[in-house]
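The same chain A turns up in both complexes below, where it pairs with chain B and then with chain C.
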Partner chain A sequence: MTTRTPFDIPAHASTDDPRVTLDEQLGVFEPIPPYPPRTEREAEFYTLRDGEMFLNMGPQHPSTHGVLRVVLKIDGEKVVDLDPVLGYLHRGVEKLCENADYHQAICYTDPLEYISSLFCEWSPVMAFEKLLDVQVPRRAEYIRVLSGELNRIASHALFIGWFALDLGGLTPILWSFIERDEIVEMLAALTGQRMLFNYFRIGGVNGDLNHEFMSRLGTWMSKATHQINSNQALLNENEIFVRRARGLGVIDTATALQMCMTGPNLRATGVPFDIRRAHPYSIYPELDFDIPSRTEGDCLARYLLRMDEVKQSLRIIDQCLHRMPDGPVMAKLPRLIRPRPGRAYAAIEGPRGQYATYAISDGTDQPYRMRIHDPSFIHLQSVGLLTPGNLIADTMAIMASLDPIMGGVDK
Partner chain B sequence: MDRILRCRLESRFGERLTGPVRQRHDETEIRIAPGDVPEVLLALHDESEFRFRMLSDLAGVDTGTTMQAVYHLWSDTTADWLRVIADGMSRDDPRVPSVTFLWKGAEWMEREAYDMFGITFEGNRDLRRIYMPPDYASFPLRKDFFLADDAARSPAGGVRHMEQTHGPTNAQTGARIRQAPSS
Partner chain C sequence: MTVVGRTWERLTIPGKILAVVIPLGAVLTAGLAILIAVIGGAVVQFLVDNLPLVRFVVAATIVLLMTVPSAFLIIYMEMKVIALMNLRYGPDRVGPFGSALSVVHGLKVLMKEDFTPTGADVPVFTLAPVVVYMSSVMSLLVLPFAPGLFGQDFNIGLLYFFAMGGLTVVGLLMAGWSSFNKYSLLGGLRSAAQVISYEIPLTLSVVGVILLAGTMSLNQIVLGQAGNLFDWYIWRQPLAFVVFFIAVTAEANRTPFDLTEADSEIVAGFATEYSGMRFGFFFFAEYVNVFIASGLTVAVFLGGWNAPFNWPWPVAVGLDPGSLGIGLLLLLTLGPPLAIVVLGLPFYLLNSRIRFWQALIIGFGLFNVIAVAAVLGLAFLSFDWVVGLLWFMGKTYVFVFTFVWMRGTLPRVRIDQLMGFAWKWLLPAALLNLFVTAFAILVLNR
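Moving on to the complex of A and B:
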């Protein structure tokens, strides 16, 4: 077996260079870094054995759900190894938050996972409330749960569409967008924004429920179960889809825990771990709902589990509407917030897993340190573990089934 | 607050704790030396009275004088989050042993902390920059890294303009030098 290390290849010439003629072969994107390997793992990855080659995927690839670049090491049609390259969407949200005051920091967290923004706001808001020792009014908590569960359904609907799209089916995304659009319009009526809501405030929410939201919600709830069931029938009974997804990207419980997975991806391996029950927050202890879990741990299980979660979310919304108390939606707080020095950690269960914020206050009106933990980042890591041995086309299926959002991965 | 957990932690790790066990809301916090991280986390992970099987978060913190690596753990034996702070790393060359032998998923979180704070996690086999370009030279989330144009650079960074700045300021930028709370 011969080994070849391609690190001595010079960085390719620019097209602006007059010496470059059109006859010369110019690679569009050279996957091999022009510098010597920095770590053991990088040296191992960028060393080709017989019959292997690199294939660059992304950063502009439709199935990477954003701007993710993956360098695949392939042997024929089989993926031997892969190296995700992040940072194309890095905005430095943590740094921006540390240079904004507590209220401003919330709106920086919205675009992290732009299809489930309410959850991205929720965990920093909870951490700041812990720093301040604020009691949130019960009506505000109910509104948070209500809008949060709606957002969860919208996010799962989009997941189902995307997942089917990455497996080659075009119809489901058109169907799931019907659901998602209705919820998004509903939340727009409540919050004033379609995607980046900026709705949760320290000590409550920005506005009370209004008539348009309630009437839209009522209309949707009356047909939601029926629509979701018919959407499910589209995929659950589709033999091509089921045979493609079953047994693909299997992860077992011990490995999932080692990989720090949370949320549906962990529950699909048989652990009924949900922070709403494992470490209760808000009003979830008062609500009656189940934590669905599955034991297979493959792509199909992850998909089916999300369908089950949508049903539980509908149950929660129904209970919230029936038990919604009266009262204020904001706690009494000064405009200028300066918590006493201290540290707080708050975690919530989002559609993808655990969103958490670790905030340190130094007594000024800006957070001293604000660490944002995002589940997409953690789950994308395990693509490298699940994909080797599968076909190139399965890379997209596995990635889509883990449901990472690049806004959250790149912070 | 879980008093029992506090007693257990004190009796198990007595002399290893570099500070008192602190509890607030649903959080319990211990401080250890960076060198003790593998042993303490292994004990917390494996021993039946702790069973902290989930690494909930791993963060780097720059306190202005030292570097910290902060681990948040979850267990089914307690209703609290456990926060383990590996404190007292020098800002010039912060080093702490990696926990990838326990949680392989910590690899990227450690890469992120390395990228943002320059903390070297010894034993992580893939410790390269994850967000910033490979030729980038500084560590953006350190407190001596100022934003190009923002309130942090203004003379009253972090306080309202009608208030005076009393603390030390950076001579070049005029920004207030912030320090983490000591308690």
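Moving on to the complex of A and C:
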């Protein structure tokens, strides 16, 4: 017979556990941590005023986009305060990369933002190329931009579906999945994989354009504009959708800059900041495209901005196809690469914003340190700023409009 | 082993079944005959004395049994129609075009574990689905399906209908409260707020119709719309129709007003902790509610079982054989063989493996089926309740389709928009409609 301390009972014990008595089980349902508050913020958050209660949303909830857990403090239907709890998908990707050689590290970064994997490869590949001081062949750069913009469209298509699904619409996600599936299939023809492509290599790409990819791309391009417009017509003119998204989760320019927002979420507040133009990389300076921006800064603006970006991506793809040069797709490099000791930073414009890698080399064949800057993590911070004062249903809409991917948040 | 035992061993399985069933049946039949001979007269006398009661019990049983197949049909319809709107196939494995899938769903729900969570208020938790289901079934009792085909013709039919609809919210609130789950609680409270708010415009919108018809009996309201298309109340009460349809959508908890079970917000609302057949009851009740909402809309505003044009129903099967003369003889002798050949010929021509005599047999079978169907069909159409039922069901399923269509296309509204819409728009519109109708009746009748 042992005496039991409160720490014997797991904080979130199963209700079927025979060691836990009924009273203890009933107590388990409050998401209050079993230790005394560690910070002032924690003490304030876990103190309930009259009429308030906690609602533990996630990690298994239909619309938290993966395994995010959000502790909501609600007063009726109104959200008073909110605390996101992260780490359910933490795999230690940065550390894994530091224990792999430069080629292997790219595989680990692939599943970070698993719906736009090419961008997760692009940034570390660019950082390593800077470390090695390699010149990438121009055809490889064109192929990178071409496949990257296709992946951006696929990612935005999925965003539209998710956003509508979180607002209660059943059909848009299936319509936009048609678009996404066609892109994913053509990228599979190019790279051999549907989701985690592992296509970019240090110094180029793994394999030239092939016939199947080109024929699929041509077929899709001929109807892409029509398809995207029909998807838009389903939502943009829907009174219920517009009334729910307009004026919701408004963030002004100053706050957005303070919260380090980038990408579509920042551009929706009126700052036309795009790394493709602000800090040009690859062949983007040669291409002709606009940086769309909107001034409202609400959920509707974020949604509409992504629609505009899809059209710009189509322009870029068109130009890439017309200007594609001949030549090799890989630079000449030794099998085992050992860059000189040094540091390199490479940022690219992903579908969610600035995706950056900072790599330090110590002269061995493995990176000494690899730091990944993921936009999803940055954007998820502002959920706590935007949500309080809104309703429970709006929490989902705001979270979906910021478009975080939990694979990237938890790394 | 005895002789009987050896004989039993030698029987096949069907033989064993028959050897048990035939003697048992004989004994039971004899017993039943004796029972009828002894107390049959008294039972018949009792039934004759209490005919309204018997009628009520039979009608209630039929209505209760009718809910399950109609719910299955609507569930299948929803799966298939939404699938087509989503550009996918939908169910296509079980039965022809997947039509048996909803039956399989029902069986699956029956076989699942019936789980009661720790901390739940067990009696309330158990009773909640029953309350929800029974309130749906009971409101079905006053719905007039066809002339003479209704459970009970109350003179307060509409009032009874709304009272029963209001009972649903009690069940949902019970489910939400007793589940010991915050999502369930939110769902229950949302349903209470929603149903109570929409009950007011719903009831007020039909007051105009009640003024016009002069009665609250649904049967009388339908009878008052007899005639053609333009005698329906939708033309005299267009605003009331719009208000009524929106409010009845909210009452049935359907998209865009399905906040009580909003899966992207509060998981499954009041049904979060339910599993097995208890969940099945909620599920059935939802689809029965869709049927009821459509049926009520049709009965109050779209003429119920009245045809949209003045057709001489029931069909007068006026056939005078004598007028044909020699034609009758020719028709009777040459008609059937000719029809058999004509019906069988396509099979002979299209399939080389079918011989001509086989094709003739097929033709004979088809001719018989068609002849019997024609005679029976005409005979049934001469009953006005069959025609009425067909019209009623046709109109009702148009509205069921509309509900499914809305679910396929519309997102969900927010709770404050929902409440604001009810109190700021629907209620004033219903009141305006009521005052205008009352004023018009006052002026025109003077």
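Please note the rule applied: the second predicted complex is superposed on the first by the 381 of 411 C-alpha atoms of A that agree within 3 Å, B and C clash if a C-alpha of one lies under 4 Å from a C-alpha of the other, contacts with A are read in each partner's own complex, and residues count from 1 in each chain.
Here is the rule we use: a contact is a pair of C-beta atoms (placed from the backbone, for glycine too) under 8 Å apart; a residue touches a chain by one contact, two chains touch by 3 or more.
Computed from a predicted structure; not experimentally measured.
Asks: Return first, second, both or neither, reflecting whether A:His373 touches chain B, chain C, both chains, or no partner chain.
Replies: first
Asks: Is A:Asp166 touching anything from chain B or chain C once the two structures are fitted on A? First, second, both or neither.
Replies: It touches chain C, and chain B stays clear.
Asks: Looking at the overlay, does A:Arg277 come into contact with chain B only (first), chain C only (second), both, or neither?
Replies: Neither chain B nor chain C is touched by A:Arg277.
Asks: Contact-wise, after the overlay, does A:Leu174 reach chain B, chain C, both or neither (first, second, both, neither)?
Replies: In the superposition, A:Leu174 contacts chain C only.
Asks: Once the two complexes are aligned on chain A, which partner has more residues of chain A within touching range, chain B or chain C?
Replies: Between chain B and chain C, the winner on chain A residue contacts is B.
Asks: Should A:Leu391 be classified as contacting the first partner (chain B), the second (chain C), both, or neither?
Replies: Second partner only, chain C.
Asks: Per the contact definition in the header, classify A:Arg244: touching chain B only (first), chain C only (second), both, or neither.
Replies: After superposition on chain A, A:Arg244 lies in contact with chain C alone.
Asks: Could you tell me which stretches of chain A are touched by chain B in one complex and by chain C in the other?
Replies: none
Asks: Over in the complex, which chain B residues touch chain A? Could you list them?
Replies: So the residues of chain B touching chain A come out as 24-27, 29, 53-57, 59, 61-62, 70, 72, 74, 76, 79, 81, 83, 102-109, 112, 116, 125-135, 140-141, 145, 147, 150-152, 157-160, 178-181, 183.
Asks: Per the contact definition, I'd like the list of chain A residues that touch chain B in the complex.
Replies: 33, 35, 38-42, 86-87, 90, 92, 94-96, 98-100, 130, 255, 257-262, 273, 278-279, 336, 341-345, 347, 354, 356, 358, 360-366, 368-369, 371, 373, 377-378, 381-382, 385, 410-411
Asks: Quick one: in the complex, what on chain A touches chain C?
Replies: Chain A reaches chain C through residues 15, 22, 25-26, 29, 53, 55-56, 61-63, 77, 164-171, 174-175, 178, 234, 238, 240-241, 243-244, 391-394, 396.
Asks: What residues on chain C touch chain A, complex-wise?
Replies: Interface residues on the chain C side: 82, 85-88, 117-119, 182-183, 186, 190, 255-256, 258-259, 262-267, 407-417.
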